[in-house]
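Look for subunit A in each of the two complexes below; its partner is subunit B in the first and subunit C in the second.
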Partner chain A sequence: MAKFLNNRRNLVPFIFLLPAVFILVVGLVVPLVNAFRLSFYEWSMGTPLASARYIGLASYERLLGDAGVGESLGVTLRFGFWVILIEMALGITLALLLERQIRGAALFRTIFVLPLMVSPVVVGLIWRYLFDARSGLVNFYLEEIGEAIPFLQQFGFTTQLWLADRNLAFTSIIVTDIWQWTPFVFIIILAGLQAVPREVLESAYIDGANWLQMTWFVKLPMIRSVILITLLLRLVDVFRALEVIYILTFGGPGRSTELLSLHIYKTAFTSQQLGYASAISTLLIGIIFVLSLGILVFNNPLKERADF
Partner chain B sequence: MSVSSEYASPTLAAAPRAEGIRLRWSVVLHYLVLLIMSVVILMPLYVMVSTSFKTQIDITASEPVWIFQPTMANYEDILTRQRFDRFLVNSVLTALFSTAATLAAGSMAAFAIARMQFPGRGLLAQTTLLIRMVPAAVLAIPIFALWLEWGIEDGRVGLVLFYTALNLPFAIWLLIGFIKQVPVELEEAAIVDGAGAFQVFFRILFPILRPGLAVASIFTFRIAWNEFILALILTNRMTRTLPVATTLYITDQGVEWGRIMAMGTLMVVPPLLLTFVAARQIIAGLTAGAVKG
Partner chain C sequence: MLKKTFLLAIAVLLSLGVVSAQDAPNPWRQFEGTTIVVSWPSLYHFQVAQTLIPEFEELTGITVEVDSVQYESMHDKQVLEMSKPGGGDYDVVSWVIFWKTEYVNKGFLKPMAEFFTNPDLVMPDYDAADLIPAYLESGSVVGGRRAYLPGVTAALYGVPFSGETSVLVYRKDIFDEYDLKVPETYDEMLETAEWITANVPNMYGITSRGAAGHQIVHAWLLHLSPYGGSVLDDNWNPVVNSEAGVAAAEALKRILDASPPGVTSYGIGEASNSFLQGEVAMFLDNDRIINQTRDPNQSRIDGKIGVALHPTAVTCGAETGGFAIGIPTNARNPEAAFMFIQWMTSKETDRKLAKLGGQPGRMSTLLDPEMQAMYPEYPVIAKQLECANVDWRPLIAEWGALNAPILGVQLSEFVTGQKTAQEALDEAARLIREELTRAGYYNWMNLPGMSQ
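Entry: the complex of A and B
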């Protein structure tokens, strides 16, 4: 790539960068540095920041033995395991099945994008209504099916307290996440499949590969970097997820649906321990930093587009 | 499933369609799967819209009411009894200003990173990528503290600043890709003709970059319009945005489903229109992060 604006006019690049760098520093870097700084202080909400007490590493010591943090980290990992497993399996399978060009693709494409454009607040509200114990659709149809086929009643086809039972609430947030994010996985994998060079598929076809061989030995290996990036993006998002669950369950009952990011929020703004919440934030940022480095390794926009 | 029908690419299209019947069955199956997926995706949204037109009696009925006398009562209520107009203006202003700022600052930075050589270029690009993943829960605490310290009254200013900062990394990243697709000879020719960097940027690149700017603006708008946590922390009863106003219908006594679904329906209209107008661009933006080529 030719760099046509060379070093002679050294100031020019920095003038172009100035607005973005200024906004990023004030809007992201300064808050992040302050989150880190706050983690060494004890600061309760409602008191002036100047009166915050320096407590050194005490918050981090507390963090190591905090069962609540451990529990929410466990919830996050379990939640991530299930949603990523199901979303990736569903998304990849559907993309492989539906790869062919068809009429009406534009309409379906539009529909699949919808869950990603709807506000997380709205997603949380809709599913809270659907899972509602008294007037929710989920319970109504479970009961209908259970009455039609009584045999199924022992497998839970009856009225359930979806958001009030620990295991069922956990299932509810998984179902909601699958609804919201499977289309995302599907769209990206489909784009990856469509970007596989036609010559490769043709030569495999000429060599006599059948559909299964084509999928397993040609297509999936060709898009493995796309699959890996999608997986990492979803994993990062699992650690960032907050708003849908804030509305749907607010972490309850107990801590059964309290993801790490929601735990941080509640520690800061419900328990009003802003300093300690900042220490947990450092942990979360560390996790996300490592995962983002992974994405960066596989997908750097400055690298030339060669490694497919 | 036959291979020849499965891989009907332009170069293979000439292959004879000998297995016409099996082909048709696979097409039917294809549409069936797509149809089921669409119903699963649309059903919850339909439930929201239909609930917003129901009376409290229909909403809390033990059996779902599919055919009902639509009522505008929920909409009348939220449009007249609450300051809906004010919340709408807040949301629109926040989204417009942060989108404009993101596009301006983002395209300039992308131009510098994609086309110019300067010390720290690689580091800057990579740092930008790393900070794009910061969770809102982490930002909420320092932002709450800083906002008290800075003493700026209007929370909407803060929202514009933070939404712009949150969106910039993605916008820069996306626009670098778009700029790299523009043949550099165009700009070189302009330089030979005596144009400076700013003329090259504003006269040559900016107009060509419109598709990229469209994609970036959709994603910026989406964040600004939908974001809830930072808006909850920074705004008060005069400056709050629609997502925050919507959650006020969740009270200790329960959820006012009719009104909250009406709020949700109104709030979904702009992203919905955007999706129908620009689904292709949205997919381009989604896949830009993962698919090359």
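Entry: the complex of A and C
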């Protein structure tokens, strides 16, 4: 060990890592530990922290029996399942289609990435107006189509209460999220696809692989780690999504669109129960940790050398 | 003789303005050169008030800086400033009245008696008794009965500024055209609303807030008072699931059913808008809507409305909401802040504010014939305020935890058909009891010898 430390060369990487570690500790570990500590206290904003009442595990006990937390966790998981599934499928498909040298690909790529550049609050507002039951464009076209082809009216081509009906509101937030985040998947997968070495594709082509085989057996396996990283990032993001839902439905009707992050926000700032909100946050971190770990154990892109 | 001449000389000099009151200090100018910071919301009344600030600055020599924030995000900012030891940034704060108990409990606000005991500060014709009593009690009296109501242990921590009550605003033209009677009771109102929705083309009978959370609770509470219910009883027991609570919820459901589609996602903005755009015939919520109908930028119904009393069910009862204004304990310039509050809420300024479209804050403004000629609804509002319920919602510090998270979810589940009114309110009562138990409300009741 001493020998290792005496060799100055061995220390260099650690010295270079130091600033990053410092920032991580100040910006991430300290707040995290503080939040964790707060979850054992009952503290009201504006009173000195020293006057917070220690309540031990009471918040966690309450957490287990809290129907509100359970319900919003369920909403979050269902929401996450659908948006990630659809966004990954759509994003990968689009990337595969636009990866080829076709005319206007650059234009399409730009257009597809646009939603990513819109601020979440604006996304929320845009869709809230689109989904408006009385004056929204979505209903306008539904009605127009329904009137043009009356047959379709029985399949829902009439006025729909997008944000006022439990199931439709849930569909609405999924549609919005897909609109907002598919470009993210698309752009990363596209970058991955473009980094696939030409030689491999050429040799596959010479071996007589058709487009489908090439995609399925060559391209996708080669960007497996990129796909996994994208999946991971989306997973974490889904649990943090807040702004759009805040504007779009604020969790309603009932609790049908109340994601866990919004539930935490409401507990902290509407109910003013910061200790309990910290306890739910701890649960959230735990869930994300377990899910991420699951994906990494299943297939760790960092462990193996890069796929290509 | 000499004395007489002397007096005469003084009188002459005075009338010529040679000997002026220069030596006597002008109380308005005793804080000349001070700068005060005011925290209030970016709502219409306050925007109007802001236009009057230069007048105050000229009168007093005090500079006023306004920190105007959206009112939903004002709370956290104010709490942060007011909890700074050794002086915060704000000298004047305006709070939504359901924050008052929390603020006082945490020691954030100075009792107004500190200023009213100082004759050097108080203008003789301030006449605090003229401030609308219902607003004064609901917005700035804290510490009496049930912690948030007047009573022998209560004190005054501010004065009302931009208070509001509820009245029924209706489309006079539609009511005349179809020869409808302006409803006085809930039954009449519900029947009229349903009739209009069914029979008048392109017109819905009524509109409401209906979105999950704070909005739907507000709508329900509006009806709870007239049905004779309340959220908590005198021993803090939740009574939302009483007969009155269920009746109010069912009335709310009928109102929503007669409202434009999508009403269960409406906040106050959407509800107001549907009325201002001429899509509905009745609006039962706060009286701010009346001034909005006069604004050609947002209203298509200017001059077409009538104003009536909030309908009664088993009793009369309107809301008392809005804002009050006071001085933080850690204000750096509390006296100058008091000058500002006193000037802003004085009789003269109150009338000026009202003329510019602000909310009236004084009975003298409401009863002034000149003002009544300008605003024909003032007599109705003055009459409504006699029967405004200061206790229409419990203004305890925990209200935030009961309001949107519990009642806001349960009521929303009722109106979207997930539960019956009784089921939803039973569940709400259970959750409220849980919440208040945690907060220690029943600890005394559980002692042996104490009965609930």
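We take it that the second predicted complex is superposed on the first by the 244 of 308 C-alpha atoms of A that agree within 3 Å, B and C clash if a C-alpha of one lies under 4 Å from a C-alpha of the other, contacts with A are read in each partner's own complex, and residues count from 1 in each chain.
Methods note: a residue touches a chain if its C-beta (ideal position, glycine included) is under 8 Å from a C-beta of that chain, and two chains touch if they have at least 3 such contacts.
Remember, predicted model here, so these are calculated numbers, not experimental data.
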item: Partner chain in contact with A:S44 - subunit B first, subunit C second, else both or neither; value: second
item: Partner chain in contact with A:G192 - subunit B first, subunit C second, else both or neither; value: first
item: Subunit C versus subunit B, contacts on subunit A by residue; value: B
item: Partner chain(s) touched by A:F170 [first = subunit B, second = subunit C, both, neither]; value: neither
item: Touched partner set for A:Q272, first subunit B, second subunit C, both or neither; value: second
item: First, second, both or neither for A:R134, with subunit B first and subunit C second; value: both
item: First (subunit B), second (subunit C), both or neither touched by A:F157; value: neither
item: Subunit B versus subunit C as contact partner of A:G252, first or second or both or neither; value: second
item: Set of subunit A residues, in rising order, touched by both subunit B and subunit C; value: 48, 134, 269
item: Subunit C residues touching subunit A - in the complex, by the definition given at the top; value: 76, 79-80, 82-83, 102, 106, 108, 210-214, 260-265, 274, 279, 397, 400-401, 403-405, 409, 412-413, 415-416, 418, 438
item: Of subunit B, residues touching subunit A in the complex; value: 1, 3, 5-12, 27, 30-31, 33-34, 37-38, 40-42, 44-45, 47-48, 51, 59-64, 101, 104-106, 108-109, 111-113, 115-118, 121-122, 124-126, 128-146, 148-149, 161-162, 164-166, 168-169, 172-173, 176-177, 180, 184, 187-188, 191, 197, 201, 222, 225-226, 228-229, 233, 243, 246-247, 250, 255, 257, 260-261, 264, 267-268, 271-272, 274-276, 279-280, 282-283, 286-287, 289-293
item: Of subunit A, residues touching subunit B in the complex; value: 1-7, 9-10, 12-14, 16-17, 19-21, 23-24, 26-32, 34-35, 38, 43, 48-49, 94, 97-98, 100-102, 104, 106, 108-122, 125-130, 134-135, 137, 140, 179, 183-184, 187-188, 191-192, 195, 198, 201-202, 205, 209-211, 214, 226, 229-230, 233, 236, 239-240, 242-243, 246-247, 261-262, 264-265, 268-269, 274, 277-278, 281, 284-285, 288-289, 291-293, 295-296, 299-302, 305, 307-308
item: Interfacial residue positions of subunit A with respect to subunit C in the complex; value: 44-48, 62, 68, 132-134, 159, 161-166, 169, 249-255, 266-267, 269-273
